[in-house]
Amino acid sequence: MVTTETLSADTPHAQELGEPKMRATDVSVFYGDKKAIDNVSIDIRTEHVTAFIGPSGCGKSTFLRTLNRMNDTIGSARVEGVIELDGEDIYHSGMDVVQLRARVGMVFQKPNPFPKSIYENIAYGPRIHGLAEGKTEMDAIVERSLRRAGLWEEVKDRLEDSGTALSGGQQQRLCIARAIAVDPEVILMDEPCSALDPIATAKIEELIDELRGRYAIVIVTHSMQQAARVSQRTAFFHLGNLVEYGHTSDIFTNPREKRTQDYITGRYG
Amino acid sequence: MVTTETLSADTPHAQELGEPKMRATDVSVFYGDKKAIDNVSIDIRTEHVTAFIGPSGCGKSTFLRTLNRMNDTIGSARVEGVIELDGEDIYHSGMDVVQLRARVGMVFQKPNPFPKSIYENIAYGPRIHGLAEGKTEMDAIVERSLRRAGLWEEVKDRLEDSGTALSGGQQQRLCIARAIAVDPEVILMDEPCSALDPIATAKIEELIDELRGRYAIVIVTHSMQQAARVSQRTAFFHLGNLVEYGHTSDIFTNPREKRTQDYITGRYG
Amino acid sequence: MSEAATMTGNPIVTPTRSPAFEARLKKRYAAERRFKALGLGAVGFSLLVLVFLLGTMIWNGLGGFQRTVFDVPVSFEGMGLTVMQTDNEGAAIRALQSQGLPEIVSFAAEKTLGEAGAAQINSEAWREVASAIIADPSVVQRGGTFALPTTDRFSTAYLGEGQAALQPLARELEAQGHVRRAFDFGFLSRADATDAQLVGIWGALVGSFYTMIVTLLLAFPIGVLAALYLEEYAPRNRWTDIIEVSINNLAAVPSIIFGLLGLAVFLTLFPTLRSAPVIGGMTLALMTMPVIVISGRNAIKAVPPSIRDGALAVGASPVQVVFHHVLPLALPGILTGTIIGMARALGETAPLLLIGMRAFVSTPPTGFTDNATVLPMQIYLWSDQVTRGFVERTSAAIIVLLVFLLLMNGLAIYLRNRFEKKW
Amino acid sequence: MSSVIPLLLAIGLGLAGWLVARGRAWRFRREAPGGKIPSLPIYHAWYAGLWIGLPMLAFAALWRGISGNLVLQHVLSSPDAGALPAFGLRRDAILDEARAVAMGLADRALIPEAQPLVEPFREAMALYNWIGVVVALLLGLVGAAWAFTRLKPNFGARSRIENGVLVVLFVASTVAILTTLGIFGTLVFETVRFFGMVSPVDFLLGTHWGPDPMSMTPDPARYGSIPLFWGTIFIGAIIAMIVAIPLGLMSAIYLTQYASPQARKWIKPALEILAGVPTVVYGYFAALTVAPAVRDFGIAIGISNASSESALAAGMVMGIMIIPLVSSLADDSISAVPQAMRDGSLAMGATTNETIRRVLIPAALPGIVAGVMLAISRAIGETMIVVMAAGAAANLTANPFEAMTTVTFQIVAMLTGEASLESPATLSAFALGLVLFMITLALNVIALRVVKRFREAYE
Amino acid sequence: ACGSGGGSTSNLAVRAVGSSTVYPFATVVSELFSRNHPDLPAPLIESTGTGGGIALFCAGDGAQTPSIANASRRMKVSEFETCQANGVTDIIEVQIGMDGVVMAAAKNGITLNLTPEMVYRALAANPYGQPQTARNWNDVDPSLPALPILVYGPPTTSGTRDSFNELILMAGCDTNADMKALKDSDEDRHKQVCTEVRSDGAYVDQGEQDNLIVQKIESNPNAVGVFGYSYMEENLDRVRGVPMGGVEPTYDNIASFAYPGARAMFIYVKKSHIDAIPGLREFLATWAESWGRGGPLAQIGLVVNPDDVMARSNSAITELRTLTAADFQ
């Protein structure tokens, strides 16, 4: 395993980049007695898209959920260590979880649209956060979000239909649009494209690329190609450990760890 | 669009191959008044793995579900045309749906393990069909199915845990194992790997390859790479139409249709 | 993958096409048919019982909406009746009484029906005439034929029951065409009385209405909020377990015990409100609330966690998640519990016995704190009345209760169907 | 009328505060950097509105309670009150009359002495109404001042409101505990008195029940409650459930899985009517239709002492009555099982009934169990059917063709009978109630444990 | 804001609580009262059972407590003492009439000619202290038919049952000299032996549902019912009284005590309320007007008081004579 120092000072220009958006230090996550994440430290920067890769069950989703405290909803889950957003500890008692989640948006592995109309699915976030004044503004937000998610053309004539009546891929894009609609600072995506076809995937990847620099983006993916295409930093997890974290190009071409090498070349699981 | 003739007489050795396992002729599917599949004809052979590709929402899942009449469960769905399994019309009133589904197994896009133990998830099918006599036989079936799905090592010590407590990828492999357990003749897989990591995916792909020749396998996928890797025949759907169907290698290297070409090269969606 | 080789040894005959499978399939289909038939049988049986019950109730009860009347022409010429111009109908009726209206009516009846017949005019029949006069004073000039209720005994005799002595008279007057059964609109507008010919259901209906309003206003919000608390927020600890057990237990407590509680607590706090719908409603609310909580919790549980995750992830607070997503999705299930609980409360008598609602209340209540009785109590009281005329009236009251129930359920079911969603 | 004014004032002032606060929050928002404040204007609005309205309403309620006494003191100190009798019921009656007339509830006083007091009452009421209004207004203003000093751009109004909501939710859930304590308190005192007359051992272990309600000196040998508890369980939890669980569950299954949605939409509410049919109707149905048939059946199969009042008749009719409780709740839980579960099973080649029995029912079990528990409770609490169809004889027998009685019927009979409330028989009703209460409590504790262990989550 | 203490929205009104047996008569009187005094508030009549009624009545002297307790039995000493302890010191006792307890069978049903002794021996749990063995009527007395004993009657908690115990079972029991002796030596034992009824199905407690008893004996010709006289009178086309010791249960026979089955019903009135509760005086007067021979109460089955009792009741109302502990001796 690598040490914390190695991971945060990942590039020679570390200083130039300023403070990271999020920083996890010595984070462990337990489900009851079972340790699912073991002592992970990592920096997440607005300038980069960060990809989490690793075999199934290694704890990628688990770690992702600690970043916006979605694991609070799992009774047995317990987090140790420090996670900071802009230098503030998000597990500190003064932290407003609601505001945190508005700032750190999330897209899930299984699409989970609300059983409401497509329009309402998108408008929900902006509405509770009061981001739109009046119908026209809301309409604009809805359209913009759907366009960015590459769904607008397909659904513009049936915004009043239920979000659950869409196909799997459409549903997932709807969820992405929903997350974008509240203009978060960090977007966590748990295999957002696993139900998407290449074109929609390409759209999302384009979107991710477009959003990079403005938002910090973390994406869990099973596709090495995708990780290689969209991310600038890649973290490789294995059995709850963060095995290696660094420039995507380095990880893919020149991994430091044997395990990473083996995984990338498809040699174990 | 291509004609029926083109699609069934897909190779010079068509005669040598004998009758196809399944044959769809002029199949259209409607959801209420909406046509989701338009006049599709296709042959499915035991000798090949057939991949369905196409942009999201084009009707791949819909068509797949017509093949084992799972769309019977959707009230508004209606099928026109003829689908034969070993020459028998599966929509004929004399067709036994239960037996049909035992013969044509299915794995869904979203993993849907039963809220039972892992063991019971696998044993469910063999038990209702009476395929095992006694506990030892059942144990053997369970183990064999889990091994084939590449899940055995991960779960062998906790067969009594609930299937829903597994990670997403583990759940999906559990569902594949469940489908295999009843030894079907045709296996329909709706993006079975969309939630799997490369290693698990490779395992499944290996399995598919191994099963080919014994079972007819249809796989819906969004990954061109996957289609190219596992399938011998590829069908490209677009907006409910079957645009092109043929040898996978032909489709990928030398598509006849402009739309196919564009899709494959990622030029539209 | 090494084990793959071991299992491909046997010839390719899939077990799902073996004769054994087919044989088994036959059995399975037989089981399927049996099972479906059982289900249909269960539904059919329940519906059959329902139809039987409704049928007998309606068959028995329709007569209860009628009463036996004499058609008697009355003329007021030369009697010098004057109609008081007042809003107070009671005073106007009294004025007519003092001017001798009762005697005028019985005189007219004697002329038409003979002495024996006139004796069977209900002693309160003249009030009907008085009301008609007050409604339209010109009747005094014209005179007219009035449908005057008979005595209760005569009514029973007319229906061929009760004491034999009156039956010949009834046959005779029937042959003369003076007596008939007429729809009794007053049944729906009067309150309790001791004469079956003069009773009405309105008083009890209003009492039930007020009581149910109080019950609903208390039990529904408290029940739903408690269910939400327990399902969504309550930490899993001893305290929550205590709440949970006591709610489940309250659902199992016999209703009479809630009456004891109402007596001991509510009537000690508000001693002046004995027999009032507000106390009845509060007592029934305690009884209904657990049912709503239990069904509500099931409905809330059934909302998939992914919906909550989705909402939380866009920054909804737990309260917003619950009130924007969980509650609307759980509402159909909650309404089921509400229907069941309210139906039970509507039909309940035992707890109300103890808080003073088994009472003779001859004027409809006008508010939540007036003395009142409720429909099931009225039915219970009437079913034990001595006089035979009450038998049909009881059945009619049951029909009214059922219609009330249907309206109440209809509303809830309408709402339930509107909110029912699939995900 | 006088209680309407504070109410209107509270709502009006609260609304004004609501509007002002909302306006201010919008201004905060426009002025805030990035156009964002932590809480939406609507929460600011509610914060102010509630701080203004709630104290006023609370005061109005309080004032309603105490102003009556103040008015009374005022009237008594007036010279007209000199003529009143010194104390006693007559004095109260006169005052009541005068007050009623002053409030306009009666045209004139029936008691002549009350008439002169009407005017003092009117004056006093007017005075105290004014005082009430003024104090309420002051309170509203204080509330407003407090709220508006706290409403700043970065004020977390939402979390305050939401904490308030959580408190309300919590309080709602404690109603159940208060009720439980209330019931316990109501029962325990009289029970202790009863156990002073009849020892708990005789009561709990005796097998003969036949108290004489008119006697003040109890014979412990006649206070054995076992036959009652046996009858309760036999009729309510055994016979009724044997009828209701299969019928209810099968109905639910048929409706959710086989019937067309249209049919389900109509049949489900139709079945729910069964739960609302007045129990008198069931009573007559049981006594006059079912019980004789059961007796004839009993005699036909050779049970010579089959009685026309039988536990079987009562239990069966009770079972019919509670079918909808089982079926409705089971229906809801079964249809809440995700479609994916059904699809998964059907795609394995399972028939519908296999899917139902092996996948849907286990997944829906908690809801089904809850429905069954509710149904049992309702059956145990039912008295009318029992007395009409099962008689009131406390027999300790397992023969369903014999008459039996239940705890609840005995409680009702004792409490509403002619006996003196002090008699041991009446007090025994409280003891019966308490024991029943403890038994159901114990059962629920066990049920909670069981459900906790077997709960299956499907996501 | 409305008042303290008694400030309900309604005016003070007469409130009567208690026995369900008296209830139908009280409601008729209440109706008559309202008709004759339309300007006075209508009395509230509530059926709580005698015990519950007296408990409410004795809870205190305030204006919210009932002014009248209806009772189908006499107030017990213990209840009187509770009353006194709670400040309800001046109680007027008025016997309003009598309720007949009759046994009857279906019109075309079983013919029995019973005596209290036969009834006792047929129904007692332990006749004269011996185990009950009779299954058929002729086991009790050879003159009776060989039909199974099946009697529908009121439950122990009802007033009708109390009279049945006292007037028929007790009388039948006391025909035996040993029992008479037992009465003097061990009153409780005597009461138990004489009034405890068998619970093996021969006697069926039917709740306080006299109409249901009528229906059940009508549909079962071998059954006998025990209920209030008024129900028999109303259903003479369906049921027929069972003679007791050769005496038919007719109105005259009951009123003259020839048929052993009549017992007194009372109302208890708070003297302190007479002046305070508007209409109470008039309400009592309406009672007195109605309870006479041929009056409206007699028409619905009240057995009218004998003349001497009638006179006493009338004077109780006019002179407002209150109960003392001595009255219970």
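We just call them A, B, C, D and E in the order they show up, numbering each chain from 1.
By our rule, a residue touches a chain if its C-beta (ideal position, glycine included) is under 8 Å from a C-beta of that chain, and two chains touch if they have at least 3 such contacts.
Chain-to-protein mapping (UniProt): A, B = Phosphate ABC transporter ATP-binding protein PstB; C = Phosphate transport system permease protein PstA; D = Phosphate transport system permease protein.
Owing to the predicted nature of the structure, the values given are computational and were not obtained by experimental measurement.
The chains in contact with chain A as well as with chain B are C, D. Highest C-beta contact pair count among chain pairs: C-D. At the far end from chain B, in terms of centres built from Cα atoms, lies E.
If each chain is reduced to the average of its C-alpha atoms, the one that sits nearest the average of all protein C-alpha atoms is D. Between chain A and chain E the centroid-to-centroid distance comes to 82 Å (mean Cα coordinates, whole Å). In whole angstrom, the spacing between the mean C-alpha positions of chain C and chain D is 17.
Inter-chain centre distance (chain A to chain D, centres taken as mean C-alpha positions): 48 Å. Multi-chain contact residues, meaning those touching two or more other chains, occur in chain A at positions 98-99, 110, 128-129. Within chain C, contacts with two or more other chains are made by residues 16, 28-29, 304-306, 317, 353-354, 383, 422-423. Residues of chain D found to touch two or more other chains are 158-159, 338-339, 349, 351, 354, 415-416, 459. By the document's touch criterion, interfaces exist between A-B, A-C, A-D, B-C, B-D, C-D, C-E, D-E. Residue ranges of chain E in contact with chain D, taken from their complex: 1-7, 9-12, 19-21, 40, 48-52, 54-55, 61-63, 72-73, 76, 78-79, 82, 125, 155-159, 162, 165, 188, 191-192, 195-197, 199-201, 203-207, 209, 212, 215-216, 219-220, 272-273, 275-279.
Across the complex, chain E meets chain C through its residues 6-10, 17, 20, 23-24, 26-28, 30-31, 34, 38, 42, 44-48, 52, 62, 64, 208-211, 228, 230-231, 234-237, 300-301. Against chain C, in their complex, chain A makes its touches with residues 68, 70, 73, 75, 97-103, 105-108, 110, 112-115, 124-125, 128-129, 162, 164, 175, 178-179, 181-182, 184.
Those residues of chain D that touch chain E in the shared complex are 2-3, 63-65, 67-69, 71-72, 88-90, 92-93, 95-97, 99-100, 103, 105-106, 110-111, 125, 128-129, 132, 210-217, 219, 222, 284, 287-288, 292, 305, 307-309, 387-388, 391-395, 402-403, 405, 409, 413-423, 425-426.
Touching chain A in their complex are the following residues of chain D: 29, 36, 38, 40-41, 156, 158-159.
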